[in-house]
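Note that chain A is present in both complexes that follow, paired respectively with chain B and with chain C.
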Partner chain A sequence: MFFKKLFSSKSTLEHKNMDLIPETRDKMSAEFKKRLQDSADILENEIGISGMTLFSIGTLIDKNMLHRDIIDPLKDLPFDSMQKIMEHLSIGEIDQSSSMEKAVKAALDGCVIIYLEGNSTVLLAKIPSEVGRSVSYSQNESLVIGPQMAFTESIMTNITLVRNYIKNSSLCIENLQAGARTNKLVSIVYINGIASEQMVGSLRKRIQEIKIDGILDSSMLEQLLAENSLTIFPQMALTERPDRVSDWLLKGKLAVFVDGSSLAIVCPQSFMEFFQSMEDSNVNWQIATFWRLLRFIALFLSVFFTALYVASLTYHYEVIPQTLLFTLSESRAKVPFPPIVEALLLEFIMELLREAGARLPTKVGQTMGIVGGIVIGTAAVDAGFTSNILIIIISLGALGSFVTPSYTMGNVIRIIRFPLIILAGCLGFYGMMYGFCFLLLHLLRQSSLGSPYLAPFYPPRFADWKDSIIRLPLSFTNKRPDLTMAEDEYKYDPIRAKKHT
Partner chain B sequence: MRKKACFWLWTFSILLLCGCAEPRILEEVGLITTYGLDLAKNGSILGTIVELKIDPRAAQDVVILETEAFSIRGIRNNANKKSSKRLASGQLRVIVYGEEFLKQGNTGIAETLTNDPSVSDLTYLAMADGPAREILQVKAIHIPDIGIHLFDLIDQNTKGKVIPSATLQEVLHNHYAVGIEPIMPILRKEGKEGIGFSGVALFKGSKLVGKISTHQSFYLTLIIDKYKGGIKDIEIKSSKFKPRNRRLNKTVASIDSLDSSSDIKLINKEKPEFDINIKLSGRLLEVTSKIDLGNPESIKLIEKAITKSMTKEIEKLIAYCQTKETDIFGLGEIYRSSVKHSKLTDEKWYSMFKEAKVNVNVDFSVKRTGLIE
Partner chain C sequence: MKAQFQPNPQSLLSTFIVFFIIHSIQVGIGIQGFQRIIFFEAKHDAWISVIVAGLFTHIVVMIMIKTLHLYAPTDIYGIHIEVYGKWIGKIVNSIYILYCLWLFVIVLINYIEVMQTWVFPVVPTWLFSISIVLLVIYGVNGGLRVIAGACFFSFILSIWMLGLIGFPIRFTDIHHLLPVMESNITSILKGAHKMTLTIIGFEILYVVYPFLKEREKVTKFAQLGIAGTNLLYLIVMLITITYFSPGQIENTIWPTLSLFKIVKLPFIERTEYVAVSFWLLIILPNLMLYLWAALRGVRRTFEKKTKGIIWLFSFVVILASLFFNTRSKINHFNDLFASIGFYVTFCYPFILFFLALIKKKITSLKEK
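Up next, the complex of A and B:
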């Protein structure tokens, strides 16, 4: 209800009259101050002899530029029209406006409002102060082979990075705004002629329809854009690598950048793609295939191994190999809890350690490793708290979840273990199968920007299997995946492609 | 909305089922690894159970329990009274039957065990030469666990084709199928501390009717199975070879890398007549007589002699089985599959098998003589 009121009041006629640039300098000054709640950082510089005044927000503009590029060239000259002022300014981004609303918004974006008494328009010269860091190494998705650059918090830098990879005139950048109060700049980036127009349209619509007061980061926007906000699985990829974004754009995907966020949203995204790394394309296909299979095995190990232990020890002692019987029983003999309690306890300790390690400063974090190693590794077994076979299983599961290249997906894998362990402890293999079927059905029902989540396995698109759980040589995969419904299906001419192979 | 409510109802009702699943936590279960079944005096069954009870503080993990009961399940229930952990047969590996127990026939070799879903179909069956309890009671320093020892012993020899395979599934299949009879290896106590194979027991239905030696069981395997890389010493009875050793008055050829394949064909449907063609090749390693192995002539001579002696042995084996009316080769199955509407029953086949004519053709060839030539 609140939003409706806010937006409907805007369109009234009364408001439109208010939107005009005031005629006198005093009125302008008062209006500007009123609109910005008489903020302490408002700057008002009167310069020259023709009654020219500069209005700006001091904390958002570059003061050196203000003096060098605006005040200096204008201060001694008489002006009577906006056109003449413009001729004397050497600023790249300059705009003219007759709306007060727009002028204030521009001021919030780092513009100086150049006001000349008697004119119904103002000049908006953009000289934003550069707050931020320079391009640095990718921390969360680091590669051994491949470029090391990562996005920064500045949307302009980020788009520059992508433009550097794709030097093509059909790279489209659409600017939108999101957040009723934060007015964040959101850019949709795609390659015209490759990306599906329908998808671009639906993504644009979704961003425009978001009704929230503030978006601070793209990870927040991702949650708002996803089709099913109740699922635990991420439906869009978040990446900090410009090469990754460029690679996906070339496949026909769309990227969304949010100003102030160092992560780009890429969609549509399939479940399989969360287990692919940029490095897969940078190494030989045999090695890449091996890595992908490894990650997939790790996924199953991580999700099912502990549950398998609990189920077979609680209900299905028949399936334990004879050679394992001795070691298993001997290590279990001292443990006072049933397997499910033992497993949940150890998984809980593991999660505690991980969470502590993630939140602590790096220097303290190192001691966490030692504490964890001693507590879990030896003391727990010596005290008869857990069996040492379970420790191997739990650490394998934890390792398996960290192998996943996507951090968001790694978190999911760690969490879905818990219900499976409980089901295994309650109903044995039957419970595990119940959990597995539930997960599978759930995954089948998900979609990412209208594309099936389990593509290319369901619905089966055999041509896309070449770059899914395995990766065949680049010359084999000249077709863009069906997932993106690309306008241009082929990366290069299929007839020439045959000659390549 | 209704759909969702239904879903949650299902989910929670499944969680409520948790109480219904009966947990059998590994360390709370006494694992039966071996059953020994003998005939007790008053007609009941004397069961010997090898229980694996793993306790790191105990000096020995194996407990042997003996009880008497009228049913196989009863044995377990009675044994439970003597055990500190609940006995469960999910890790059952070997069942050993006493000779007397099988001689009486009609015992239902293992049917009752298959009713238990936790008993594996791959459990090995064996017959003891004498009472089964004597085999299970063997105590030796090198055998810390008689159950696992027996399993490994049978497993290793079955996989190496030294004895024919007799798992619960195979024995039951052969028992119920018309035109093939079950077999089981025979275990014998050797001295005070040893256990070994002494032959193969032949059945007619569920009744023990005969035994063959391990030497003969090699020829049985030749017919019903395939060899891949076996080793065998074959006796040659021929005057053309002079023994190297004067005290040894026969010649023995040692063959390894033995590959064989067999093919059984019904050639006369009215009066059952079968052709058994066995193709066999191997590497001749050793001959215990003075002969030049480099000479192709003498190799041919050996091939011929071996073929002859093998044919003789196989014919002898078949004739023995025919007198016992037990078709362990599965000739009846071949007859049944080649003759339409034969309406074969066990009784009918017993008499037909006795009269059947079996032609044996062995084709033996020496691949090479040793590795270095």
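Up next, the complex of A and C:
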């Protein structure tokens, strides 16, 4: 409701205001200052002999360029029309406008407004200051084999990186704006002819329909775009790797970039794809398959292993073979708590350690790991707080959750452990199975941009199983995944490819 | 209401899903203990009864699909209205809705009984029934697509159990089966009749049918589903007869679960505990499909929104499950249902087919 109000009041304001460029220099100066709340960083340079004035926001423009490319060529020359000024400027991005609103918006985007008294239009020359860092290594999704570049906070750099991977005229970049107050530039990137037009349409509609005052990062936008905001599972991928985005674009997915964010949103995304890494396609298929199976086992291990321990020790010790039961009861002999308390306690310590490690600077973080792992671990066992075996199980589970290539999905896996442990502590195997069934139904009910979340397993698309939990050689997978509903189903024509080889 | 029903194209399912739907709705609680009931009638020829019942099921499914083809696209509720007229049709539909709910209760109480007997003797019935029904509601609210997905995963994820059933094969004695055909035809047929409660469920095809994409392929996949179930039952029956002695079978209420008992792996033994809990995933599609079918009935017959009805039905079902809480009551309830279910599932499709055929002839004659 609030956002609606905000939106409508703004649009009526626009209509009421006179949107023309004022006729005299003083009026223009006053209007410009009024619109920008008399900010201290407003620049006003009067140059030349014909009453030309430059208006700009000093903090948003490159001052070297202002002097070299605008003031130097224009000073000391008489001008009477905008056309002549334009001829003397050597700036790539230059625009003409007769609307004050547009001029102010351009100024906020890093433009210099060139105003000539008596003219109803102004020139907008774009010389934005380059704030930001250069392209650097990928930190969160690092690979051994593969390109090392990661996106930066500049949307132009990011799109340049993608364009460098896909040198194709069909690569489409659509600019939109989101956030009533932040006016962030949001770009949808897709390959025309591959990406499903229906999906592009629905994504565009969703971005346009967002009613919020400010979007600061793409991860915020992702939450707003997701179909089901109540689920814990991420429905769209966030990645910082240009090669990953390019790979996905070629599969028919859509990417969304937000200015000022180093993460690209990619959708539609299926559950299985969160467990795939870019490195999988850079190594041999046997190794990739092994990794994927490993990650899948790790997923089950980290979600169910602790719960299994709690369930079988609380209710079903009959299922544990005798020899194993001896070892287990021996290590648990001194522990005064029931298994569920023991497990929750250790899991909690584990989460504490992880969170502390994440918040601290890297060097201190490593010490944290040693303190937690060795000191707390051994001390807890010596003190008779927990059993040795549980420590092994918990660390295995934690290790399993860190194996997941996607950080967002890794978080989810760690959190859904807790309800499962509690269910296992209350109702044993039945409780665990109950949790599993709920998760299954929950995942079945989710969708990502209209595509089923559990694809390609359900609805079963056997052709896509070749690149899911396993990965067959690249030459086997000439079809694009069904998930993306690609306009062009085939990556290459299988019959023609055979003839050539 | 209209007799015909065409769902919107987005909610259509691929036809081969019907294989998983049929298979997973048939396999439920029955498989845990059907051997003993049939053994009482047909003795060591019980496996022949399984085959006979299976073959008969194939015929019934054929007739069902023929009936549906007559008025396609439609479901049983539409056919009822078409054949019996508006008012009698509504009454028959209501009976069919109750039948679906009854099936729901049968599955639920039998599972809870197994749960309480094998794993949690002191956990009260209401806890199980309320928790399971809540899960079912969550699934049913997701629509047929989610339910079919649960059927699919329930099939895929329980394949490993077949491996456990294979464990006792080492201890089987094939001579238990000999001499073949010692029992007379009547007892074998009686045994086949007793298969009703185990093999029942495929009548869901009557309700699912309009939601399938390619209707001409339904026969193939539905019959395949039936064949899969029959094969499974036959294997389980053969292993049971050859593993247990006749006296043991007669004294074992859940022979299938007893078969799990002897499985011993380095890290796990007494797998029946795991199996009984895992059975939740196997009965879940059953429960969801029955509730969904009942809700479809309400939607089609009375053209009402089902949001409130689902809670009403759940309430009724939970109450019923609380009432049937002892072995003798459940047994009585099962027997009563088996005798009625036999007529509804195996005889009624033939009657409906002929009625529908006659009705179609009459209307076409009238038009001429």
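We adopt the following convention: the second predicted complex is superposed on the first by the 477 of 501 C-alpha atoms of A that agree within 3 Å, B and C clash if a C-alpha of one lies under 4 Å from a C-alpha of the other, contacts with A are read in each partner's own complex, and residues count from 1 in each chain.
Convention: a contact is a pair of C-beta atoms (placed from the backbone, for glycine too) under 8 Å apart; a residue touches a chain by one contact, two chains touch by 3 or more.
It should be emphasised that the depicted structure is a prediction, and the values quoted were computed from it without experimental measurement.
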### Task
Report clash or fit for the pair chain B and chain C bound to chain A in the combined superposed model.
clash
### Task
Could you tell me if A:Phe476 is touching chain B, chain C, both of them or neither one (first, second, both, neither)?
neither
### Query
Touching A:Phe290, do we find chain B (first), chain C (second), both, or neither?
neither
### Query
Between chain B (first) and chain C (second), which, if any, makes contact with A:Phe326: first, second, both or neither?
first
### Query
Looking at the overlay, what does A:Lys334 touch: chain B (first), chain C (second), both, or neither?
first
### Message
Taking the superposition on A as described, I'd like to know which of chain B and chain C A:Phe305 touches: first, second, both or neither.
### Response
neither
### Message
After the superposition on A, what does A:Leu441 contact: first (chain B), second (chain C), both or neither?
### Response
second
### Task
Answer with first, second, both or neither: which of chain B and chain C does A:Phe418 touch in the superposed model?
neither
### Message
Once chain A of both complexes is superposed, is A:Leu313 in touch with chain B (first), chain C (second), both, or neither?
### Response
first
### Task
Return first, second, both or neither, reflecting whether A:Phe402 touches chain B, chain C, both chains, or no partner chain.
neither
### Query
In the superposed view, which residues of chain A touch chain B and also chain C?
315-316, 318, 320, 427-428, 430, 434
### Task
Quick one: which bits of chain A touch chain B in the complex? Just the residue numbers, please.
313-318, 320, 322, 325-326, 328-330, 332-334, 338-339, 426-428, 430, 434
### Complex contacts: residues of chain C adjacent to chain A
13-14, 16-17, 115, 119-120, 123, 131, 135, 138-139, 142, 145-146, 149-150, 152-153, 156, 264-271, 273-274, 276-278, 280-281, 284
### Task
Under the touch definition given earlier, write down the residues of chain A that touch chain C in their complex.
315-316, 318-321, 324, 427-430, 432-434, 436-438, 440-442, 444-445, 454, 457-460
### Message
Give the list of chain B residues in touch with chain A in this complex.
### Response
14-15, 17-18, 21-27, 29, 31, 52, 54-56, 61, 88, 90-91, 93, 118, 120, 148, 151
